[in-house]
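Some notes on the structure that comes next.
Residue numbering begins at 1 within each chain, and the chains themselves are lettered A, B, C and D in the order written.
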Amino acid sequence: MHLLICGGTGCKASSSDAIAEKLKLELAANTLQDEVQVILTGCFGFCEKGPIVKVLPDNTFYIQVTPEDAAEIVKEHVVKGRKVERLLYVDPTKKTTIEDSKHMGFYRKQMRIALRNCGFINPENIDEYIAREGYQALGKVLTEYNPQQTIDIIKKSGLRGRGGGGFPTGLKWEIASKNPADQKYVVCNADEGDPGAFMDRSILEGDPHSVLEAMAICGYCIGASKGLIYIRAEYPLAIKRLKVAIDQAREYGLLGNNIFGTEFSFDIELRYGAGAFVCGEETALIHSMEGLRGESSNKPPYPAQSGYLGKPTNVNNVETFANVPPIILKGADWYFSIGTEKSKGTKVFALAGKINNVGLIEVPMGITLREVIFEIGGGIKNGKRFKAVQTGGPSGGCLTEKHLDTPIDFDNLVAAGSMMGSGGMIVMDEDDCMVSVAKFYLDFTVEESCGKCSPCRIGNKRLYELLDRITKGEGTMEDLERLRNLSQVIKDTSLCGLGQTSPNPVLSTLDNFYDEYVAHVVDKKCPSGQCKSLMKYIIDPEACVGCTACARNCPVNAISGERKKPHEINQSICIKCGACMDKCKFDAISIK
Amino acid sequence: MTKVKSLADLKKMKETLQAKIDLREKGEAAENLVQIKVAMATCGIASGAKNVMDFLLEELEKRGINAVVTQTGCMGYCYAEPTIEVKLPNADPVVFGYVDTKKADEIIEKYIKNGELVDGIIPVNYESIDNK
Amino acid sequence: METVKLTIDNKQVEVPKGTTIYKAARKLGIDIPVLCYMELHDLGVENKPAGCRICVVEVEGRRNLAPSCATECAEGMVVKTHTTRVINARRTVMELILSDHPKDCLTCPKSGRCDLQDMAVKLGIREIPGQEYAEMSTYKKDFSPSIIRDVDKCIMCRRCETMCNEVQTVGALSAVNRGFMAVVAPAFEQDLEKSPCTYCGQCVAVCPTGALTEVDHTTKAIRAIADPTKTVLVQTAPAVRAALGEEFGMKPGTLVTGKMVAALRQIGFDYVFDTDFAADLTIMEEGTELLDRLTRFLSGDKNVKLPILTSCCPGWVNFFEHNFTDMLEVPSSAKSPQQMFGAIAKSYFAEKLGKKREDLVVVSVMPCLAKKYECQRDEFKVDGNPDVDFSISTRELAHLIKEFNINFEELPDEDFDRPLGESTGAAVIFGATGGVIEAAVRTAYEVYTGKPLPKIDFTELRGMEGIRSATIDFNGLPMNIGIAHGLGNARKLLEDVRSGKANYHAIEVMACPGGCIGGGGQPLHHGNSAIIKARMEAIYREDAGKPIRKSHENPYIVKLYEEFLGKPMSEKAHHLLHTHYFSKKKDIYIK
Amino acid sequence: MSHIKLELKPEQVAKIKEICKSFNNDPGELINVLHKTQETFGYLPAEVQEVVAVELNISVAKVYGVVTFYSFFTMIPKGKHPISICTGTACYVRGAEKVLDEFKRILNVKVGETTPDGKFSLNCLRCVGACGLAPVVLIGEKVYGRVSPDGVKNIIKEYEE
């Protein structure tokens, strides 16, 4: 028998260590220490009801356990085999206790559709993919449906593009299918450029065939015989696995001529990105594939009308494609039943930042940010206070406490001033200065703007300069007004999605953290203590014993004072490196 | 390998492959085998999954344990990389996080040999579409 | 034709499907301001990167503002061009553009003719908020023999890039870098001189700001005039007289030959001559060379190269020296009229004056920027002294006239000086595409057949079509003639010749669309082909009005051969009036 | 970007031609050609771009325009040990900037520069997708996770003979 105790940070904070100790003692008292092991585990993702103790092999799930409960668990459950009723979870809707964690619907917040094979199969072996019904969706559409019927299934499923925009996938296919041409193309956008997002990489590395299969299905639907995957050169492993997968699929006849003995032929090639975020935008991506500068161009014409080499082209992102085979196999109704009214299915998020369980998760649309961050994500690192979560990367915005219970879907995120984006979710805590965060994103946009249109090329630079002034304490209240006006104009006038969304981090922080901006501008203070120019290191004369450690370690000799007498920092010389504070053994130095 | 010529071919293939994968190459019933998957995506490899995989291959062989070690993609627990999944005969798979060679050694000695769990288990917290 | 109906500023309009909002609005008399947009209708070129975002308008139901230059009208569309939102956006965007643009308008060579300046005035820009801490993108200034690139002033409209690549296929310029530092530049951001630039000047002609301007030669010309030890001659190219008036508010197509001559005299040139004289001379040499090659070819000489290509356009010469290095033997070896003029002026005319060539200064007035480079080529110097000292553009001449307080419109018509000011109608038409070859045909026909031309006007050689061809009956010998203007067309034609697909005896190429009348040194026509056509008509009008219309009948040319050169392609003529070409291809394969 | 003087050896030219040919001298493959060429030469000096332009029959200005557009391409030779600091958001909020500052301080170079001895070059990149290990530093192919400013000195030490 095993007693599993959640050792996730959340539960640890509520004394799971002590519970473990107590359990061990109680077991020893009953001389059961050899038969029953106490194991600390990773986070159960149910931190709200922690600490959690799970008993194996019967899967009993105890919640909100205290050290005092240890004796009872051992005595009743371990020795006598009787469950401790009062610690069992009560289903809030049914008001019945649930004993087996396998039956706890809420416990399994995640649902894996796009990631269905990631971590299950060997991505370099097509057999394992086939063993999990791989390529059956392709076989099914080729032999049982005509292209329009297939498109109708995708349309009916409610699948929307996972790359950021959320355009209905079925409709996109339909438009491309209706533009007649001698040659059309299916393009997979694997230029995952959002800093802090790695969903597509994981899918390509873990389940490349699902993307190949879906591209072939799309090719059948729109009448294309060629597929191209535009992938970041920074993803060597994903490239390698895609190459292996393409070779294997060709060998099996699942790519190439007359697939499944039908008239349909389809093959896939790789194209490499070369480090330009803007190439995630579909017109820029197409230019890049043509060997040109990855500048975006005005739409219309849309790629579905005139795309790669001027031919009708359908561009979808990796995750969108990965959803297609299960939809075909399990039916549109099944997919439609998952998610919210207007956003169907699941979404993969890359959880990162100041969160305990950094990782890749896939959740049904409609889950709340709170569930994602505090349950699946295990809460904020080091027990700090949650401040904001940034979704949608440089195009998105920062959401706060007040948005925690908003169900996540395309439209709600936009309404809240952010966007789904490709699925990066960066969690920030009380130590993060929101002005600096906005500046960080603008720095990114300035560097990644293609430079073609003036609002994005110059406007973002000006936004960055304004934010920089504010973080240096040089900003004025007028600057805040300018920030807002400029942001709106950039959004309103920029040529492509990059510029149309790049001010979002500014606008959302202005909306949600206006006070923090004002603190920088009026009080010349950074409430999170992040903005160096606004910091002051001060020596408390009461606490300073005059050991001279600070003065000796100051790289710019800004500290003076006699031995055994309180020292002082010359603020005009200080470069705010913090070395003095690190060296002070008497906690005499603080930041003001 | 013969080419897939029809959907029926593919379905047949799926059945045999599934059986074959269960059997693995050693031709033994799956129930008798220890199956280990190592998450080998970029983050896993960056945190040392390759070493762990090599270690497992070598040590299991040395210690005479009949096991199959394969690579797989990202399991999603990036915070706990490297992660491995161990499936003992007749047991549910268990995922271990923060696996270095030392931990791998512990897993072999305690869990694989004796069925004793060790610290660092990551509870599976998602629903897979197969159950639906 | 399928049409769509839409509403712009509450006015209904029906336009053909595919029409942009910008054009539909113009139809209603609503002038939406555009900056980067440029349409060169007759060249089939439209520059609409939709990059400047000045022309944005509000389209009902659309989330963001739409660039009117690139957004097509749709049925039932409701467009508003001057809402508060639009005005605010337009101004803010303009402020942004100006925040990264130098403010030295007072001393900028484009001042007064600058689209950006005009736009700032139109939009009422009074200040640039935050200018004091706004970083500007700065680059190295580039001085080539013909063109100055002051890229700090580039606003990324991409017009020059379109001209250089799509129209001219020169490929000297491209957008480079990314984001804030994105700019149009030659490879490696090196100087134009190290690029395949032909100095055709079409980039300068379309640049809306002071980023691309011509090298100033007027100051040097004025200094020479002021120098009492120098005798200063000026020659004016045929195309100048058909366009100069525009700089003084005259209608395009107004011929100002007489006023121009008067103005040049007032400025103080000692002799006002005509490049047309040298054009007639060019025909004598080039025409003779053509006939020579033709006769040898017909008699079965395998070494002879046909077709013969005209070589009076320096942009074109630069172009083939870069791109057709395997065909350097094909163009006529005759120098351009500018250089023939210089060579004769500093030999024949200097002798007549009894002066040393060093004491003579030859200034040319050209519709062209490549002429500035041409006159600096080493082959056209004798002991370091150039045949033509300075070359000023039509625009620069206009400047000079204004600077010299001359009331141009009121000037009386005056005549060129002699002997180098006398010319025929054949020389005048050098200014328009097809003109050189027509002039050559007029002479070659009569020399070859020994019979007078039945008709002088070869209308089949005229027009604006990019590539044209015609066959002229030379008394039983069908002469195949090809014409190309614009370097992109020249490339196509030459590639056909190289591959053997095209079979011509003679080809005329002009680097600039329309020929010299559309040159890079002319008053800016902003791609308005009506202006080019008006200039072209003026040229043919001048030709028709000339008493002599065939080069070989120019009495002063006849006299020049009698007194000085002997006969066409004589040794002396060869020495003074012919040149050879160099490969400018970069060779980087050697270690 | 300044012009770098470097003449090519005939075998180097042959190599570039071979790469271009392997892509059928198709101008549409320019980016793939540049990837391959940079892989071979370590960087893309002007002369290499000139040859590529000739082989693919496009203007060298266009090639340069593409090279300067994509951050992956460089005209400056990389150090023997190229150091890349991930400055993606996840790394940023976990202190990548301080790590970067420390590298800059110890190596005494700016981002995009190479140390005078040619040993190290310093660059930033956006997200390697190993956010679980933030902040992340790459030296060559090797990934260092959870790097702290204090740890920088030791990392550099590994590469000093």
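The criterion applied here is as follows: contacts are C-beta pairs under 8 Å (C-beta built on N, C-alpha and C of every residue); 3 or more make two chains touch, one makes a residue touch a chain.
The structure displayed is predicted, hence computed values, not measured ones.
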- Message: According to the touch definition, list the chains common to the neighbour sets of subunit B and subunit D.
- Response: A
- Look at the interfaces A-C and A-B and say which one is made up of more C-beta pairs in contact. A-B
- Rounded Å distance between subunit B and subunit C, as computed from the means of their C-alpha atoms: 73
- Message: Please tell me the distance, in whole Å, between the geometric centres of subunit A and subunit C computed from their C-alpha atoms.
- Response: 56
- Message: Centroid from C-alpha atoms only, then distance subunit A to subunit B, rounded to Å. What do you get?
- Response: 26
- Quick one: subunit C and subunit D, Cα centre-to-centre, how many Å? 43
- Would you give the residues of subunit B that are in contact with at least 2 other chains, written as numbers and ranges? 42-43, 45, 78-80
- Could you list which residues of subunit D touch at least two other chains? 62, 65, 69, 71, 128-132
- Message: Quick check on subunit A: which residues sit in contact with 2+ other chains?
- Response: 198, 201-202, 235, 276, 293, 295, 358-359, 447, 450
- Message: What's the complete list of touching chain pairs for this entry?
- Response: A-B, A-C, A-D, B-D, C-D
- In the complex, subunit A residues that touch subunit C: 276, 293, 295, 297-298, 300, 446-455, 457-459, 461-462, 465-466, 469, 479, 482, 485-486, 489, 491-495, 500
- Touching residues on subunit B, where the partner in the complex is subunit A: 1, 3-7, 10-11, 13-14, 17-18, 20-21, 37, 39-43, 45, 70-80, 85, 97, 116-123, 125-130, 132
- Touching residues (chain side subunit D, partner subunit B) in the complex: 128-133, 136, 143, 145
- Footprint of subunit D on subunit C - complex, ascending: 165, 170-178, 185-190, 195-196, 586, 588-591
- Okay, in this complex, where on subunit A does subunit B touch? 2, 4, 6-7, 37, 39-45, 54, 56, 107-113, 115-124, 127-128, 130-131, 133-136, 139-140, 142-143, 198, 201-203, 205-207, 235, 237-238, 251-254, 260-261, 326, 330, 334, 356-362, 376
